[in-house]
Amino acid sequence: MDQLQFDDATKKELASFLEREQAHARVNDSIRNLTGMCWDKCITSTPGSRFARGEESCLSNCVERFLDTSIYIVTQVQRQQQQLLQAQGDS
Amino acid sequence: MDQLQFDDATKKELASFLEREQAHARVNDSIRNLTGMCWDKCITSTPGSRFARGEESCLSNCVERFLDTSIYIVTQVQRQQQQLLQAQGDS
Amino acid sequence: MDQLQFDDATKKELASFLEREQAHARVNDSIRNLTGMCWDKCITSTPGSRFARGEESCLSNCVERFLDTSIYIVTQVQRQQQQLLQAQGDS
Amino acid sequence: SIRSELALVNVQELINKATEKCFAKCVPKPGTSLTSSDEACLARCLDRYMEAFTVVSRTYTARISRESSQLRGAAAEI
Amino acid sequence: SIRSELALVNVQELINKATEKCFAKCVPKPGTSLTSSDEACLARCLDRYMEAFTVVSRTYTARISRESSQLRGAAAEI
Amino acid sequence: SIRSELALVNVQELINKATEKCFAKCVPKPGTSLTSSDEACLARCLDRYMEAFTVVSRTYTARISRESSQLRGAAAEI
(Lines give C-alpha, C1' and ligand atoms only; values in the text may rest on other atoms or scores of the structure.)
Protein backbone atom coordinates (compact mmCIF):
# COMPACT_ATOMS: atom_id res chain seq x y z
CA MET A 1 0.00 0.00 0.00
CA ASP A 2 2.95 2.29 -0.59
CA GLN A 3 2.41 5.31 -2.78
CA LEU A 4 3.74 4.67 -6.31
CA GLN A 5 5.22 7.46 -8.42
CA PHE A 6 5.08 7.14 -12.21
CA ASP A 7 6.40 9.49 -14.87
CA ASP A 8 3.98 10.71 -17.55
CA ALA A 9 5.02 8.20 -20.24
CA THR A 10 4.51 5.29 -17.83
CA LYS A 11 1.13 6.70 -16.78
CA LYS A 12 -0.01 6.85 -20.41
CA GLU A 13 1.20 3.35 -21.15
CA LEU A 14 -0.54 2.07 -18.03
CA ALA A 15 -3.78 3.81 -18.99
CA SER A 16 -3.79 2.36 -22.50
CA PHE A 17 -2.94 -1.12 -21.12
CA LEU A 18 -5.88 -0.93 -18.72
CA GLU A 19 -8.17 0.31 -21.48
CA ARG A 20 -7.22 -2.60 -23.75
CA GLU A 21 -7.74 -5.09 -20.92
CA GLN A 22 -11.16 -3.60 -20.09
CA ALA A 23 -12.21 -3.80 -23.77
CA HIS A 24 -11.01 -7.41 -23.75
CA ALA A 25 -13.03 -8.14 -20.59
CA ARG A 26 -16.14 -6.57 -22.14
CA VAL A 27 -15.81 -8.81 -25.22
CA ASN A 28 -15.42 -11.85 -22.94
CA ASP A 29 -18.54 -10.83 -21.00
CA SER A 30 -20.53 -10.42 -24.23
CA ILE A 31 -19.45 -13.83 -25.52
CA ARG A 32 -20.31 -15.51 -22.21
CA ASN A 33 -23.72 -13.80 -22.06
CA LEU A 34 -24.48 -14.63 -25.71
CA THR A 35 -23.51 -18.26 -25.07
CA GLY A 36 -26.00 -18.49 -22.20
CA MET A 37 -28.78 -16.75 -24.14
CA CYS A 38 -28.31 -18.68 -27.40
CA TRP A 39 -27.93 -21.96 -25.46
CA ASP A 40 -31.41 -21.42 -23.99
CA LYS A 41 -32.81 -20.52 -27.44
CA CYS A 42 -31.15 -23.28 -29.48
CA ILE A 43 -30.34 -26.28 -27.29
CA THR A 44 -33.74 -27.65 -26.34
CA SER A 45 -33.05 -31.41 -26.46
CA THR A 46 -31.23 -33.48 -23.84
CA PRO A 47 -27.48 -33.09 -24.46
CA GLY A 48 -26.15 -35.86 -26.74
CA SER A 49 -22.63 -36.87 -27.77
CA ARG A 50 -22.85 -34.19 -30.48
CA PHE A 51 -25.20 -31.30 -31.32
CA ALA A 52 -28.64 -32.31 -32.62
CA ARG A 53 -29.57 -31.37 -36.20
CA GLY A 54 -29.77 -27.60 -36.64
CA GLU A 55 -28.45 -26.73 -33.17
CA GLU A 56 -25.00 -25.57 -34.27
CA SER A 57 -26.33 -23.38 -37.11
CA CYS A 58 -28.96 -22.03 -34.72
CA LEU A 59 -26.15 -20.95 -32.37
CA SER A 60 -24.22 -19.01 -35.01
CA ASN A 61 -27.43 -17.55 -36.48
CA CYS A 62 -28.42 -16.52 -32.94
CA VAL A 63 -25.18 -14.55 -32.52
CA GLU A 64 -25.41 -12.92 -35.98
CA ARG A 65 -29.11 -12.00 -35.65
CA PHE A 66 -28.60 -10.67 -32.13
CA LEU A 67 -25.86 -8.36 -33.39
CA ASP A 68 -28.11 -7.35 -36.34
CA THR A 69 -30.87 -6.60 -33.82
CA SER A 70 -28.54 -4.58 -31.64
CA ILE A 71 -27.36 -2.47 -34.60
CA TYR A 72 -30.93 -2.05 -35.89
CA ILE A 73 -32.19 -0.85 -32.51
CA VAL A 74 -29.35 1.61 -31.96
CA THR A 75 -29.95 3.02 -35.48
CA GLN A 76 -33.68 3.40 -34.73
CA VAL A 77 -32.96 5.24 -31.48
CA GLN A 78 -30.53 7.60 -33.24
CA ARG A 79 -33.03 8.28 -36.07
CA GLN A 80 -35.77 9.09 -33.59
CA GLN A 81 -33.47 11.44 -31.68
CA GLN A 82 -32.55 13.24 -34.90
CA GLN A 83 -36.22 13.62 -35.86
CA LEU A 84 -36.87 15.05 -32.42
CA LEU A 85 -34.03 17.56 -32.76
CA GLN A 86 -35.22 18.53 -36.26
CA ALA A 87 -38.80 19.01 -35.03
CA GLN A 88 -37.46 21.26 -32.25
CA GLY A 89 -35.42 23.25 -34.78
CA ASP A 90 -38.46 23.70 -37.09
CA SER A 91 -40.82 25.04 -34.42
CA MET B 1 -3.77 11.26 -10.41
CA ASP B 2 -2.43 14.16 -8.39
CA GLN B 3 -3.54 14.43 -4.79
CA LEU B 4 -6.41 16.92 -4.46
CA GLN B 5 -6.83 19.02 -1.34
CA PHE B 6 -10.34 20.22 -0.40
CA ASP B 7 -11.43 22.38 2.49
CA ASP B 8 -14.18 21.07 4.78
CA ALA B 9 -17.05 23.00 3.16
CA THR B 10 -16.10 21.65 -0.28
CA LYS B 11 -15.82 18.10 1.12
CA LYS B 12 -19.32 18.32 2.57
CA GLU B 13 -20.78 19.71 -0.64
CA LEU B 14 -19.07 16.99 -2.64
CA ALA B 15 -20.36 14.27 -0.30
CA SER B 16 -23.94 15.51 -0.52
CA PHE B 17 -23.68 15.83 -4.32
CA LEU B 18 -22.46 12.22 -4.58
CA GLU B 19 -25.22 11.05 -2.24
CA ARG B 20 -27.90 12.74 -4.36
CA GLU B 21 -26.46 11.26 -7.55
CA GLN B 22 -26.35 7.78 -5.99
CA ALA B 23 -29.97 8.08 -4.86
CA HIS B 24 -30.84 9.20 -8.38
CA ALA B 25 -28.98 6.20 -9.87
CA ARG B 26 -30.83 3.83 -7.50
CA VAL B 27 -34.20 5.24 -8.63
CA ASN B 28 -33.14 4.80 -12.28
CA ASP B 29 -32.11 1.19 -11.57
CA SER B 30 -35.46 0.48 -9.89
CA ILE B 31 -37.43 1.94 -12.80
CA ARG B 32 -35.40 -0.04 -15.34
CA ASN B 33 -35.81 -3.27 -13.38
CA LEU B 34 -39.54 -2.69 -12.87
CA THR B 35 -39.93 -2.00 -16.61
CA GLY B 36 -38.31 -5.35 -17.46
CA MET B 37 -40.32 -7.28 -14.86
CA CYS B 38 -43.70 -5.67 -15.66
CA TRP B 39 -43.03 -6.00 -19.42
CA ASP B 40 -42.71 -9.79 -18.97
CA LYS B 41 -45.86 -9.88 -16.82
CA CYS B 42 -48.09 -7.59 -18.93
CA ILE B 43 -46.95 -7.62 -22.57
CA THR B 44 -47.73 -11.13 -23.75
CA SER B 45 -48.91 -10.43 -27.33
CA THR B 46 -46.73 -9.64 -30.36
CA PRO B 47 -45.89 -5.92 -30.21
CA GLY B 48 -48.41 -3.86 -32.23
CA SER B 49 -48.53 -0.21 -33.26
CA ARG B 50 -50.03 0.54 -29.84
CA PHE B 51 -50.53 -1.36 -26.56
CA ALA B 52 -53.17 -4.13 -26.68
CA ARG B 53 -56.30 -3.71 -24.51
CA GLY B 54 -55.41 -3.78 -20.82
CA GLU B 55 -51.63 -3.78 -21.29
CA GLU B 56 -51.05 -0.16 -20.26
CA SER B 57 -53.21 -0.39 -17.13
CA CYS B 58 -51.52 -3.72 -16.32
CA LEU B 59 -48.15 -1.91 -16.42
CA SER B 60 -49.13 0.81 -13.98
CA ASN B 61 -50.98 -1.67 -11.73
CA CYS B 62 -47.85 -3.84 -11.80
CA VAL B 63 -45.72 -0.96 -10.49
CA GLU B 64 -48.25 0.03 -7.80
CA ARG B 65 -48.86 -3.55 -6.60
CA PHE B 66 -45.14 -4.31 -6.57
CA LEU B 67 -44.55 -1.30 -4.33
CA ASP B 68 -47.52 -2.38 -2.14
CA THR B 69 -45.95 -5.85 -1.93
CA SER B 70 -42.56 -4.43 -1.04
CA ILE B 71 -44.05 -2.29 1.77
CA TYR B 72 -46.20 -5.19 3.02
CA ILE B 73 -43.22 -7.55 3.18
CA VAL B 74 -40.94 -5.09 4.97
CA THR B 75 -43.74 -4.42 7.51
CA GLN B 76 -44.17 -8.17 8.07
CA VAL B 77 -40.44 -8.64 8.65
CA GLN B 78 -40.36 -5.76 11.15
CA ARG B 79 -43.44 -7.10 13.01
CA GLN B 80 -41.86 -10.55 13.30
CA GLN B 81 -38.61 -9.07 14.59
CA GLN B 82 -40.50 -7.08 17.22
CA GLN B 83 -42.43 -10.18 18.33
CA LEU B 84 -39.11 -12.02 18.61
CA LEU B 85 -37.62 -9.23 20.72
CA GLN B 86 -40.74 -9.15 22.95
CA ALA B 87 -40.65 -12.94 23.41
CA GLN B 88 -37.00 -12.67 24.45
CA GLY B 89 -37.88 -9.88 26.91
CA ASP B 90 -40.73 -11.95 28.47
CA SER B 91 -38.66 -15.07 29.10
CA MET C 1 -10.53 11.30 4.08
CA ASP C 2 -7.28 11.83 5.95
CA GLN C 3 -4.38 9.54 5.09
CA LEU C 4 -4.08 6.69 7.62
CA GLN C 5 -0.72 5.24 8.59
CA PHE C 6 -0.58 1.61 9.78
CA ASP C 7 2.38 -0.42 10.95
CA ASP C 8 3.03 -3.78 9.26
CA ALA C 9 1.36 -5.94 11.94
CA THR C 10 -1.83 -3.87 11.71
CA LYS C 11 -1.77 -4.05 7.90
CA LYS C 12 -1.54 -7.85 8.05
CA GLU C 13 -4.35 -8.11 10.58
CA LEU C 14 -6.50 -5.80 8.46
CA ALA C 15 -5.81 -7.81 5.30
CA SER C 16 -6.75 -11.10 6.97
CA PHE C 17 -9.88 -9.52 8.49
CA LEU C 18 -10.97 -8.27 5.04
CA GLU C 19 -10.24 -11.66 3.50
CA ARG C 20 -12.37 -13.46 6.12
CA GLU C 21 -15.22 -10.98 5.60
CA GLN C 22 -15.05 -11.39 1.82
CA ALA C 23 -15.14 -15.18 2.17
CA HIS C 24 -18.13 -14.76 4.48
CA ALA C 25 -19.87 -12.50 1.93
CA ARG C 26 -19.23 -15.06 -0.84
CA VAL C 27 -20.84 -17.82 1.27
CA ASN C 28 -23.83 -15.54 1.93
CA ASP C 29 -24.15 -14.82 -1.81
CA SER C 30 -24.03 -18.54 -2.63
CA ILE C 31 -26.69 -19.36 -0.05
CA ARG C 32 -28.96 -16.58 -1.32
CA ASN C 33 -28.51 -17.63 -4.95
CA LEU C 34 -29.07 -21.32 -4.12
CA THR C 35 -32.24 -20.37 -2.20
CA GLY C 36 -33.63 -18.56 -5.25
CA MET C 37 -32.69 -21.34 -7.67
CA CYS C 38 -33.91 -24.23 -5.49
CA TRP C 39 -37.11 -22.27 -4.65
CA ASP C 40 -37.94 -22.13 -8.38
CA LYS C 41 -37.13 -25.84 -8.78
CA CYS C 42 -38.91 -27.18 -5.68
CA ILE C 43 -41.74 -24.83 -4.64
CA THR C 44 -44.26 -25.14 -7.44
CA SER C 45 -47.53 -24.99 -5.48
CA THR C 46 -49.20 -21.88 -4.02
CA PRO C 47 -47.51 -21.17 -0.67
CA GLY C 48 -49.37 -22.82 2.21
CA SER C 49 -49.03 -22.56 6.00
CA ARG C 50 -46.27 -25.16 5.74
CA PHE C 51 -44.23 -26.80 2.97
CA ALA C 52 -46.16 -29.22 0.74
CA ARG C 53 -45.14 -32.90 0.79
CA GLY C 54 -41.64 -33.37 -0.59
CA GLU C 55 -40.82 -29.68 -0.90
CA GLU C 56 -38.46 -29.50 2.09
CA SER C 57 -36.50 -32.62 1.10
CA CYS C 58 -36.40 -31.31 -2.47
CA LEU C 59 -34.74 -28.12 -1.16
CA SER C 60 -31.97 -29.92 0.72
CA ASN C 61 -31.47 -32.43 -2.13
CA CYS C 62 -31.27 -29.48 -4.51
CA VAL C 63 -28.41 -27.96 -2.51
CA GLU C 64 -26.53 -31.27 -2.15
CA ARG C 65 -26.93 -32.28 -5.82
CA PHE C 66 -25.95 -28.78 -7.00
CA LEU C 67 -22.73 -29.02 -4.99
CA ASP C 68 -22.17 -32.57 -6.36
CA THR C 69 -22.69 -31.19 -9.87
CA SER C 70 -20.30 -28.34 -9.26
CA ILE C 71 -17.57 -30.71 -7.98
CA TYR C 72 -18.21 -33.17 -10.84
CA ILE C 73 -17.91 -30.45 -13.48
CA VAL C 74 -14.73 -28.94 -12.04
CA THR C 75 -13.20 -32.46 -11.91
CA GLN C 76 -14.15 -33.05 -15.56
CA VAL C 77 -12.58 -29.77 -16.63
CA GLN C 78 -9.36 -30.59 -14.77
CA ARG C 79 -9.23 -34.10 -16.27
CA GLN C 80 -9.65 -32.74 -19.78
CA GLN C 81 -6.93 -30.14 -19.22
CA GLN C 82 -4.56 -32.87 -18.00
CA GLN C 83 -5.30 -35.04 -21.05
CA LEU C 84 -4.61 -32.01 -23.23
CA LEU C 85 -1.28 -31.40 -21.51
CA GLN C 86 -0.35 -35.09 -21.80
CA ALA C 87 -1.23 -35.16 -25.50
CA GLN C 88 0.97 -32.11 -26.00
CA GLY C 89 3.82 -33.81 -24.10
CA ASP C 90 3.48 -36.99 -26.21
CA SER C 91 3.62 -35.28 -29.58
CA SER D 1 -19.62 15.46 -15.86
CA ILE D 2 -20.56 12.67 -13.44
CA ARG D 3 -24.23 13.53 -13.89
CA SER D 4 -24.32 13.23 -17.69
CA GLU D 5 -22.20 10.07 -17.54
CA LEU D 6 -24.71 8.46 -15.16
CA ALA D 7 -27.57 9.50 -17.48
CA LEU D 8 -25.72 7.98 -20.44
CA VAL D 9 -25.18 4.70 -18.58
CA ASN D 10 -28.89 4.64 -17.75
CA VAL D 11 -29.90 5.13 -21.41
CA GLN D 12 -27.40 2.52 -22.60
CA GLU D 13 -28.67 -0.06 -20.11
CA LEU D 14 -32.26 0.74 -21.11
CA ILE D 15 -31.39 0.16 -24.79
CA ASN D 16 -29.56 -3.08 -23.91
CA LYS D 17 -32.64 -4.30 -22.04
CA ALA D 18 -34.94 -3.33 -24.93
CA THR D 19 -32.63 -5.17 -27.36
CA GLU D 20 -32.70 -8.31 -25.20
CA LYS D 21 -36.50 -8.28 -24.70
CA CYS D 22 -37.31 -7.46 -28.36
CA PHE D 23 -34.86 -10.06 -29.71
CA ALA D 24 -36.60 -12.65 -27.50
CA LYS D 25 -40.05 -11.56 -28.75
CA CYS D 26 -39.38 -10.85 -32.46
CA VAL D 27 -36.63 -13.36 -33.33
CA PRO D 28 -37.69 -16.62 -31.60
CA LYS D 29 -35.93 -18.78 -34.23
CA PRO D 30 -32.90 -16.93 -35.64
CA GLY D 31 -32.49 -17.62 -39.41
CA THR D 32 -29.82 -16.69 -41.93
CA SER D 33 -30.88 -13.03 -42.00
CA LEU D 34 -33.11 -10.49 -40.26
CA THR D 35 -36.25 -10.38 -42.46
CA SER D 36 -38.16 -7.15 -43.07
CA SER D 37 -41.00 -8.53 -40.94
CA ASP D 38 -38.49 -9.17 -38.11
CA GLU D 39 -37.37 -5.54 -38.44
CA ALA D 40 -40.95 -4.24 -38.44
CA CYS D 41 -41.60 -6.25 -35.26
CA LEU D 42 -38.39 -4.89 -33.67
CA ALA D 43 -39.34 -1.27 -34.50
CA ARG D 44 -42.81 -1.68 -32.92
CA CYS D 45 -41.36 -3.57 -29.96
CA LEU D 46 -38.81 -0.81 -29.32
CA ASP D 47 -41.58 1.84 -29.41
CA ARG D 48 -43.70 -0.21 -26.96
CA TYR D 49 -40.73 -0.83 -24.67
CA MET D 50 -39.93 2.88 -24.46
CA GLU D 51 -43.64 3.58 -23.87
CA ALA D 52 -43.66 0.94 -21.11
CA PHE D 53 -40.61 2.64 -19.57
CA THR D 54 -42.48 5.97 -19.62
CA VAL D 55 -45.59 4.46 -17.98
CA VAL D 56 -43.51 2.73 -15.30
CA SER D 57 -41.42 5.85 -14.70
CA ARG D 58 -44.49 8.10 -14.38
CA THR D 59 -46.32 5.68 -12.05
CA TYR D 60 -43.24 5.12 -9.88
CA THR D 61 -42.40 8.81 -9.55
CA ALA D 62 -46.03 9.76 -8.76
CA ARG D 63 -46.20 7.05 -6.09
CA ILE D 64 -42.92 8.08 -4.45
CA SER D 65 -43.92 11.76 -4.30
CA ARG D 66 -47.38 10.74 -2.91
CA GLU D 67 -45.73 8.63 -0.20
CA SER D 68 -43.23 11.29 0.80
CA SER D 69 -45.91 14.02 1.04
CA GLN D 70 -47.88 11.62 3.30
CA LEU D 71 -44.76 11.16 5.42
CA ARG D 72 -44.33 14.93 5.68
CA GLY D 73 -48.04 15.26 6.59
CA ALA D 74 -47.66 12.59 9.29
CA ALA D 75 -44.55 14.31 10.63
CA ALA D 76 -46.42 17.65 10.83
CA GLU D 77 -49.15 16.07 13.01
CA ILE D 78 -46.69 15.06 15.73
CA SER E 1 -18.75 -1.63 11.44
CA ILE E 2 -17.96 -3.37 8.14
CA ARG E 3 -19.25 -6.65 9.54
CA SER E 4 -22.71 -5.42 10.54
CA GLU E 5 -22.99 -3.47 7.28
CA LEU E 6 -22.32 -6.63 5.27
CA ALA E 7 -24.90 -8.51 7.36
CA LEU E 8 -27.43 -5.73 6.70
CA VAL E 9 -26.78 -5.86 2.95
CA ASN E 10 -27.29 -9.65 3.06
CA VAL E 11 -30.64 -9.31 4.86
CA GLN E 12 -31.79 -6.54 2.51
CA GLU E 13 -30.93 -8.60 -0.57
CA LEU E 14 -32.70 -11.61 0.94
CA ILE E 15 -35.85 -9.51 1.50
CA ASN E 16 -35.61 -8.10 -2.06
CA LYS E 17 -35.41 -11.63 -3.44
CA ALA E 18 -38.35 -12.78 -1.30
CA THR E 19 -40.37 -9.77 -2.50
CA GLU E 20 -39.61 -10.58 -6.14
CA LYS E 21 -40.39 -14.31 -5.82
CA CYS E 22 -43.58 -13.78 -3.77
CA PHE E 23 -44.88 -11.01 -6.04
CA ALA E 24 -44.41 -13.42 -9.00
CA LYS E 25 -46.27 -16.21 -7.14
CA CYS E 26 -49.04 -14.29 -5.35
CA VAL E 27 -49.79 -11.38 -7.74
CA PRO E 28 -49.76 -12.97 -11.22
CA LYS E 29 -52.25 -10.40 -12.59
CA PRO E 30 -51.84 -7.08 -10.78
CA GLY E 31 -55.23 -5.37 -10.23
CA THR E 32 -56.24 -1.99 -8.85
CA SER E 33 -55.37 -2.96 -5.27
CA LEU E 34 -53.69 -5.67 -3.19
CA THR E 35 -56.63 -7.83 -1.99
CA SER E 36 -56.65 -9.41 1.46
CA SER E 37 -56.20 -12.82 -0.18
CA ASP E 38 -53.12 -11.46 -2.01
CA GLU E 39 -51.77 -10.31 1.37
CA ALA E 40 -52.50 -13.66 3.01
CA CYS E 41 -50.63 -15.38 0.16
CA LEU E 42 -47.70 -12.94 0.52
CA ALA E 43 -47.47 -13.54 4.29
CA ARG E 44 -47.38 -17.34 3.83
CA CYS E 45 -44.96 -17.02 0.91
CA LEU E 46 -42.58 -14.86 2.97
CA ASP E 47 -42.65 -17.42 5.81
CA ARG E 48 -41.93 -20.27 3.38
CA TYR E 49 -39.16 -18.27 1.66
CA MET E 50 -37.42 -17.64 4.96
CA GLU E 51 -37.86 -21.31 5.89
CA ALA E 52 -36.37 -22.30 2.50
CA PHE E 53 -33.44 -19.98 3.23
CA THR E 54 -32.92 -21.71 6.58
CA VAL E 55 -33.03 -25.20 5.00
CA VAL E 56 -30.60 -24.20 2.25
CA SER E 57 -28.31 -22.46 4.73
CA ARG E 58 -28.25 -25.45 7.11
CA THR E 59 -27.66 -27.98 4.29
CA TYR E 60 -24.94 -25.86 2.69
CA THR E 61 -23.08 -25.20 5.94
CA ALA E 62 -23.23 -28.86 7.01
CA ARG E 63 -21.89 -29.95 3.62
CA ILE E 64 -19.03 -27.46 3.67
CA SER E 65 -17.95 -28.47 7.17
CA ARG E 66 -18.21 -32.18 6.19
CA GLU E 67 -16.03 -31.60 3.13
CA SER E 68 -13.42 -29.60 4.99
CA SER E 69 -13.10 -32.18 7.78
CA GLN E 70 -12.60 -34.83 5.04
CA LEU E 71 -9.88 -32.64 3.54
CA ARG E 72 -8.22 -32.34 6.95
CA GLY E 73 -8.50 -36.13 7.39
CA ALA E 74 -6.93 -36.70 3.96
CA ALA E 75 -4.14 -34.25 4.78
CA ALA E 76 -3.41 -36.05 8.06
CA GLU E 77 -2.93 -39.37 6.20
CA ILE E 78 -0.13 -38.01 4.06
CA SER F 1 -0.51 -10.48 -13.71
CA ILE F 2 -3.72 -8.56 -14.32
CA ARG F 3 -4.10 -10.28 -17.70
CA SER F 4 -3.96 -13.85 -16.42
CA GLU F 5 -6.21 -12.94 -13.48
CA LEU F 6 -8.86 -11.61 -15.88
CA ALA F 7 -8.55 -14.78 -18.01
CA LEU F 8 -8.98 -16.89 -14.86
CA VAL F 9 -12.11 -14.96 -13.85
CA ASN F 10 -13.51 -15.48 -17.37
CA VAL F 11 -12.92 -19.26 -17.23
CA GLN F 12 -14.39 -19.50 -13.72
CA GLU F 13 -17.52 -17.61 -14.75
CA LEU F 14 -17.84 -19.80 -17.84
CA ILE F 15 -17.65 -22.94 -15.67
CA ASN F 16 -20.19 -21.46 -13.22
CA LYS F 17 -22.58 -20.78 -16.10
CA ALA F 18 -22.07 -24.30 -17.52
CA THR F 19 -22.73 -25.76 -14.04
CA GLU F 20 -25.95 -23.76 -13.70
CA LYS F 21 -27.25 -24.60 -17.21
CA CYS F 22 -26.30 -28.32 -17.01
CA PHE F 23 -27.75 -28.72 -13.49
CA ALA F 24 -31.03 -27.25 -14.84
CA LYS F 25 -31.01 -29.65 -17.83
CA CYS F 26 -29.67 -32.87 -16.28
CA VAL F 27 -31.00 -32.74 -12.68
CA PRO F 28 -34.59 -31.46 -13.03
CA LYS F 29 -35.72 -33.31 -9.87
CA PRO F 30 -32.83 -33.57 -7.41
CA GLY F 31 -32.87 -36.93 -5.59
CA THR F 32 -30.80 -38.38 -2.73
CA SER F 33 -27.71 -38.81 -4.94
CA LEU F 34 -26.29 -37.99 -8.34
CA THR F 35 -26.97 -41.18 -10.40
CA SER F 36 -24.51 -42.40 -13.03
CA SER F 37 -26.99 -41.40 -15.73
CA ASP F 38 -27.09 -37.87 -14.22
CA GLU F 39 -23.30 -37.80 -14.43
CA ALA F 40 -23.27 -39.05 -18.03
CA CYS F 41 -25.75 -36.29 -18.91
CA LEU F 42 -23.61 -33.69 -17.12
CA ALA F 43 -20.44 -34.79 -18.95
CA ARG F 44 -22.15 -34.56 -22.36
CA CYS F 45 -23.80 -31.26 -21.40
CA LEU F 46 -20.45 -29.77 -20.35
CA ASP F 47 -18.88 -30.83 -23.67
CA ARG F 48 -21.78 -29.29 -25.62
CA TYR F 49 -21.68 -26.09 -23.55
CA MET F 50 -17.97 -25.63 -24.23
CA GLU F 51 -18.59 -26.37 -27.93
CA ALA F 52 -21.42 -23.78 -27.92
CA PHE F 53 -19.01 -21.30 -26.35
CA THR F 54 -16.51 -21.99 -29.14
CA VAL F 55 -19.16 -21.54 -31.87
CA VAL F 56 -20.41 -18.29 -30.32
CA SER F 57 -16.88 -17.01 -29.78
CA ARG F 58 -15.81 -17.80 -33.37
CA THR F 59 -18.98 -16.25 -34.88
CA TYR F 60 -18.74 -13.15 -32.70
CA THR F 61 -15.05 -12.55 -33.39
CA ALA F 62 -15.44 -13.07 -37.16
CA ARG F 63 -18.35 -10.62 -37.21
CA ILE F 64 -16.51 -7.94 -35.25
CA SER F 65 -13.42 -8.17 -37.49
CA ARG F 66 -15.68 -8.06 -40.60
CA GLU F 67 -17.44 -4.95 -39.29
CA SER F 68 -14.23 -3.15 -38.37
CA SER F 69 -12.60 -3.84 -41.76
CA GLN F 70 -15.78 -2.42 -43.37
CA LEU F 71 -15.43 0.65 -41.15
CA ARG F 72 -11.79 1.04 -42.19
CA GLY F 73 -12.81 0.60 -45.85
CA ALA F 74 -15.49 3.29 -45.47
CA ALA F 75 -13.00 5.61 -43.79
CA ALA F 76 -10.49 5.10 -46.64
CA GLU F 77 -13.10 6.23 -49.20
CA ILE F 78 -13.54 9.65 -47.60
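In order of appearance the chains are A, B, C, D, E and F, and numbering begins at 1 in each one.
Methods note: a residue touches a chain if its C-beta (ideal position, glycine included) is under 8 Å from a C-beta of that chain, and two chains touch if they have at least 3 such contacts.
Composition by chain, UniProt nomenclature: A, B, C = Mitochondrial import inner membrane translocase subunit.
It should be emphasised that the depicted structure is a prediction, and the values quoted were computed from it without experimental measurement.
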item: Identity of the chain that, by mean CA position, is farthest from chain C; value: D
item: Between the pairs A-D and B-D, the one where more C-beta pairs touch; value: B-D
item: Centre-to-centre distance between chain E and chain B (centres being mean Cα positions), rounded to whole Å; value: 20
item: Cα-centroid distance, chain A relative to chain F, in whole angstrom; value: 14
item: Geometric centre distance via CA averages, chain D-chain C, whole Å; value: 33
item: Chain D and chain F, separation of their C-alpha mean positions in angstrom; value: 29
item: Residues of chain A touching at least two other chains; value: 62, 64
item: Numbers and ranges of chain E residues touching at least 2 other chains; value: 22, 26
item: Running round the ring (origin chain C, first step to chain E), the chains in order; value: C, E, B, D, A, F
item: Chain B residues within the chain E interface of the complex; value: 37, 41, 58, 61-62, 64-66, 68-70, 72-74, 76-77
item: Touching residues (chain side chain C, partner chain E) in the complex; value: 18, 21, 24-25, 27-28, 30-32, 34-36, 38-40, 42-43, 46-51, 56, 59-60, 62-64, 67
item: Interfacial residue positions of chain F with respect to chain C in the complex; value: 15, 18-20, 22-23, 26-34, 38-39, 42-43, 46
item: Sites on chain D touched by chain B in the complex; value: 2-3, 6, 10, 13-14, 17, 21-22, 25-26, 41, 44-45, 47-49, 51-53, 55-60, 63-64
